[in-house]
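Per-chain residue numbering starts at 1, and chain names A, B, C, D and E are given in the order in which the chains are listed.
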Amino acid sequence: MEVLVQTLVSGILIGGIYALIGLGMTLIMGVMKIINLAHGQLMMVAMYVTYVLFEHFQLDPYFSLLIAMPTLFVIGALIQKYLLNPLIKVESILPENQVLMTVGIGMVLTEIVRFLFHSDYRSVKTPYSTAAIYIQGISFNVPMIVAFGIAVLLSAALFFFLLKTDLGKSVRATAQNKDAAIIMGINAEWITILTYGLGSALVAAAGTLLLPIFYLFPDIGGPFTLKAFVITMLGGMGSTVGAIVGGVVLGIAESLGATYISMALKDAVAMVIFVLVLIFLPGGLKTLTKI
Amino acid sequence: MLRVEHVDAGYGDVQVLWDVSFKVDAGEFAVLVGANGAGKSTIMKTISNLVQPSRGEIWFEETRLNGIPPNRIIDLGIAHVPEGRQLFPEMTVRENLELGSLTARAKSHRKQSMEWVMELFPRLRERQKQLAGTLSGGEQQMCAIARGLMSRPKMVLFDEPSLGLSPLLTQDIFRLTHQIHQEGLTILMVEQNVKQTLTICDRAYVLTNGKIVMEGKGRELLENQEVKEAFLGI
Amino acid sequence: MKFFETRHLTKHFGGLTAVNDINFEVEKGEIYGLIGPNGSGKTTLFNLITGYHPSSSGEILFQGQPIHRLSTWKICKLGIGRTFQIAKPLRRMTVLENVMTSAFNRAPKKSEAMEKAMEVLEFCELASKKDNSAKGLTIGDRKRLEIARALATAPELLLLDETMAGLTPQEQTAGAELIRKIRDSGITIIIVEHIMHVIMNICDRLLCINYGQEIARGTPAEVANNQAVIEAYLGKE
Amino acid sequence: EETIKVGIILPLTGGQAAFGEIEKNSFELALEEINAAGGINGKKLELLFEDDTGKPEVARSAAEKLINKDKVVMLGGGYGSSETFAIAGVAQQNRIPFLINTGSADKITEQKWDYVFRLNQPVSDYSLGLETFLASVVQPKTAAILFEDSAFGSGGAKTFQETCDRMGIKVVLSEGYSKGGMDFKPLLVKVKEANPDLIYMISYVMDAALLMTQSMELRIMPKLFVGGGAGFTLPEFSKNAGKAAEMVFSATLWYQTLPYPGAMEYYEKFVKKFGKDTEYHGAEAYSAAYVIADTLKRTKSMDPKDVRDALAATDMKTVFGPVKFVTDGKKINQNKLPTYLVQWSNGKLELVWPKDVASKAYVYPIEWEKVWK
Amino acid sequence: MKLPRWSTLVSIVVLLLFPLLVPSDYYRHIFIIALMWVVIGSSWNLLAGFTGQVSFGHAIFFGTGAYTAGLCASKLGISAWWGMLLGGPVALLVGCVIGWICFRLRGPYFALATIAIGEIFRLVATDWRSLTEGMEGILIIQTFRSKIPYYYLALFLAGACVFVIDRIMQSKWGYYFIAIREDQDSAEAIGISSFRYKSLSLMVSSFFTGLAGALYMNYMAFIDPHVVFALHDISIMAILVGIIGGVGTLWGPPAGAFIMVLLQETFRSSFFGLLPSWVSESHVLVFGLLVIFVIRFMANGLVGDWPKIQQLWSRSKQTLPANGGN
């Protein structure tokens, strides 16, 4: 029983981090229909920003959110403006050119970071890194609870932004019908830049919050990119609530898979779920929950 | 008010418009008629700068439209109600309408505009919480028109507003466009429903294969033998 | 055995009934017209016949064989060709390659396919443009290519969806001529068209639908004078 | 001026580059000293470094290039087992001697390849030092084995399983995981439920730290935690795991306080020069450089055959321990060295077993509640 | 789109004579690897470039072929060369199953599903130690000490692959594949079973990729799951080979393979030691930049955009007035 409960608890908590990763992706995939294979690498860059702030300026990672997120916003916006948007206008045989561009971007980001920081493992050790609360012998990791809380907050903020503000509505409008959005006076190109920037900022939050409990080296991004897809497809593209749900479902599925199947196959469990969702529930959980 | 001068335009390497010139005066109700694919929508899109003319100029009042980014056109007071409604399907009617009033001027009047269009289309008031994608065709068209009006335009471009609508709804739409015109807006409309359109318009242009082949008062054209053959199947 | 018929054919899209209990039959060798206002379900009907959408209920019989459960390509193999309302050429192929691709349907050898394709191109008066890339064609040629592609599959029944929309009146006359020529070569045709003078001139019989339901059928003259059709489609004179 | 060229293949980019760098630095440190001391009989030794990027086919390309293009007289390096194997194949084929200093999969020296020599212990030997400790001190009844599913991890797990079988220890759980996991709790709750006396983990440094911090978080309290070398001996382990690293044992191949001549000096020189810690990988590389120099000094000629013979005849002391290539079971040209047990104590790694070389007495039994307070 | 006949001939002759003219095993090795990538890239291109199904999972077939050969040796105790017979068919079977699962998905969803399945293969191969030996990998002894047999085998395989693909593309299948790429609905309407022909394309593609895998096993003599089922180093590399050379062209992937392998090696070795070592440390960076550059400015790859490049070249030489059209 304790095994099951602890497995579920850690699954749910890890789900909070996953949700943050998925949140950025759901925006990028949902709005621009770009399969962003550089997502994890953007997160990695944010982690290095946080790391540098911690190492050299002793800034607490939670505080670095305020710097890492805007920094990644700018990086993301530049990528969209100078590398991705120009591709829309070029006719190529495969529409997947944008995807491949993100592969290139991911490689370049990784290698620039490697150039600057070498491949060394780095980490940010805070007093609260290993703090935990115990309820009836079940442990709740404090930084993960915080991350979960921030995930919920950010997704609520994103939800509010997308649903209640004109700008957010413009983002959704551009996603749903770009030409009509332009006719309404929306600068669609600018919106795509904003959206990729926001998506990057969100994944920056994930990276920054993850750092105190995890570690960092230049190649860390790749696996997270894959997770981001799973979460996004699971929750439904463009759905903020879906990102949370998708993150938690993935967290639980992985945890249960690790406990009851095999730790080595937990990522395979995630991938199997992913393929099943693609085939049998192409709209993700969104089609069931409608949000 | 609107002058289109010697415009060539097209998509990529396919040229659709050939030396198109026409004008619409302030307060006028002008109509473009022509077969499917003649290039009517392309003209509308060229005015909205969604399609860049490769030659020629377009003037609105004192402004040259060439080169202005398409999303700034609405600021000048031109609203485009596009072909096929082009609503934001996963947003509510109200949100769709709000998105019609993003320009600074329109934003400050959003409340009044909303009232105004809801008066015009009481059906939309009933359905304001419904997702636009689930509206019936006629309702969708109303929503698209209302969304265009939300920007408080001086001129509205209607692209086949009766497309896919039952005759009854088509009548409604015609009544409404007429009413909007009466309220002082300049209108440029594209319609398949040639007979009815020619009956209510001030001025009409006939487009064939991307060229203006005829122009005149609506009723005059109605009597024209060629028009009758080409569009009325008589 | 009827050449082609539908029985109680119905299609729902969610709550919308796009085609509602349609029954009609087509004789071999005739040109059968299908008219109706925009959105009345004509294209959907074509999509049902060609298996592009599964029907919700009802049957479709081609030469006595039920085809409503078959997939699109099998239906084509059986001898039903179609054009798309929005032309769907294979954009980065030449005109000849486009038509050859269709011709492979009956002519597995490349030389045969080439021969057949050239024949069809001559027939459709596109031969002079055979090496043009499909994406650069004018509207009229695109529509012709659409017909040529369907013809090259060597169909017995050809479904034409607004193949004359966007053509000049002269081109329309030529188009009507082409359609007649196709029929004279022994191919049965169902045609959807909004251009009344074409429909009235070339069709042997007409079916008019509205909201997915039949509102009239008969000879062109009968349908044109039908009150319901005038109200829903032709407009009051 | 003519130099004697030796090719060194290491992962300088890619996921293992951190260790590749320690080794490269150690090679360069040794090279400087060797050349300062007169080089190879008056000629300068030159090390040509090639990056295998952590991929076997690149390692192969690198080896081909060094042999065929740069005409090196011998090869060194070899970090990851897969890459090492690829290089060994090329070396054997071209009859160029190859001195491995890190790649540890057992089968590399079991191929009867007479041009391939290994200075370091194979992975199956990693736990030998632990074995005597368990037998004479702990006598556990049950054990759990957690390992990363790399060649290194699964190979080590396999031999430790055999060790347990031999010693009558029941393995209640043996599970692999893929490197880079974020949350090991699902695995650890299973361990907790199985409640073994001993938890043996074969992990790289970051996984090692996470395994320990999360074990602490879940309050898993076996008689002892033991790492199977690699991650558990690195300074980063304690830096990252903090107090969760305390009292954790680990098998190790080397430790700077070992009574090998120059071991401590090497350690201090490295730290001084690069401002970073070094560990057994660095010592392996540093020693390999000296073995290479020694071989080249002794060889009759620079003909590969002669170099090979000279290498085979090596019998010297290095900071990593004595080097002498012997035949050991299926293995040939394998250096035979003992392995040791270390324990983390107050953030410092102490050599605790065998007793005669210990830098500090081991702490056992351990009161985890106190340690983790 | 087509290379002139003489340049094809010249390249064939050069490739045939290469190992005899260049005695260095190092360059022979590089060419063997490049030829292997010709096979993988061309196979990928058949499915993605010609048929429009962009696979991000070709490592599945490569790995399957490699493991078929490897398991022949490690489990059946027969020569890994049997893999050169079995690897293709086994990969083809795997291809059939994957096609059956994935071809109901279109466009990016297909791509994502292939990534996921590729990862599943890698993870399962890693964990299924009783079959695959996991990450300890499978080890055989190379049959030949000389590179020359491997070279000609790789050359034969590459030649066969390109030849078969060329034949296919000239036949009805080729027309059908392109039709599916251009417009699947339209293809169905002219009697093409998109499922059947996509599957055929995948089968040929996986067959050759599997053979390349089997060749890899025999030549490299060592495989483990992270090497042969690698997402980045195999699946994405296959795409890059195609993209850089030019998708949807016969000669694009072969050109891409040589460019990629040679460039990678050149940079990895800091231009054969001529440049400082930081160049080699940043070779992946240069590679990434190259990818970005090609996609940004040569959307159809070197071969695909060759006319455009030639035009630019001649224009810059003649300094003609820039003409707006493109």
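The rule is simple: a residue touches a chain if its C-beta (ideal position, glycine included) is under 8 Å from a C-beta of that chain, and two chains touch if they have at least 3 such contacts.
Source: prediction; values computed, not measured.
Graph distance from chain C to chain D, where chains that touch are one step apart, equals 2.
Averaging Cα atoms per chain gives one point for each, and the point farthest from that of chain A is the centre of C. The chain pair with the larger count of C-beta pairs in contact, out of B-C and A-D, is A-D.
Separation between the centroids of chain A and chain E, computed from CA atoms only, is 31 Å. One simple way to say how far apart two chains are is to compare their mean CA positions; for chain A and chain B this gives 42 Å. Chain B and chain D have centres, each the mean of its CA atoms, that are 76 Å apart.
For the pair chain A and chain C, the distance between mean C-alpha positions equals 48 Å.
Under the contact definition stated at the top, the residues of chain A that touch 2 or more other chains are 91, 93, 114, 262, 264, 267. The set of chain E residues that touch two or more partner chains comprises 123, 126-127, 281, 284. Taken residue by residue, chain D touches two or more other chains at 13, 149, 176, 178, whereas all remaining positions touch fewer.
Chain pairs that touch one another: A-B, A-D, A-E, B-C, C-E, D-E.
Across the complex, chain A is touched by residues 13-18, 20-21, 149, 175-178, 180-187, 189-190, 192-193, 205-206, 209-210, 213, 216-219, 236, 239-240, 242, 244 of chain D.
Considering their complex, residues 33, 35, 83, 86-87, 90-97, 99-101, 103-108, 110-112, 114-115, 222, 226, 229-230, 233, 262, 264-265, 267-268, 271-272, 274-275, 278-279, 282 of chain A touch chain E.
Per the touch definition, chain C reaches chain B in the complex via residues 37-39, 135-139, 162, 165-169, 194-197, 200, 210-211, 231-233, 235. Only residues 48-49, 52, 54, 101, 104-105, 107-109, 111-113, 115-117, 119-120, 123-124, 126-127, 181, 231-232, 236, 239-240, 243, 247-248, 281-282, 284-285, 287-289, 291-292, 295-296, 299-300, 304 of chain E touch chain A when the two sit together in their complex. Considering their complex, residues 2-3, 6-7, 10-11, 14, 17, 114, 118-121, 123, 125, 129-130, 132, 137, 139, 141, 210, 213-215, 217, 219-220, 223, 254-259, 262-264, 266-267 of chain A touch chain D.
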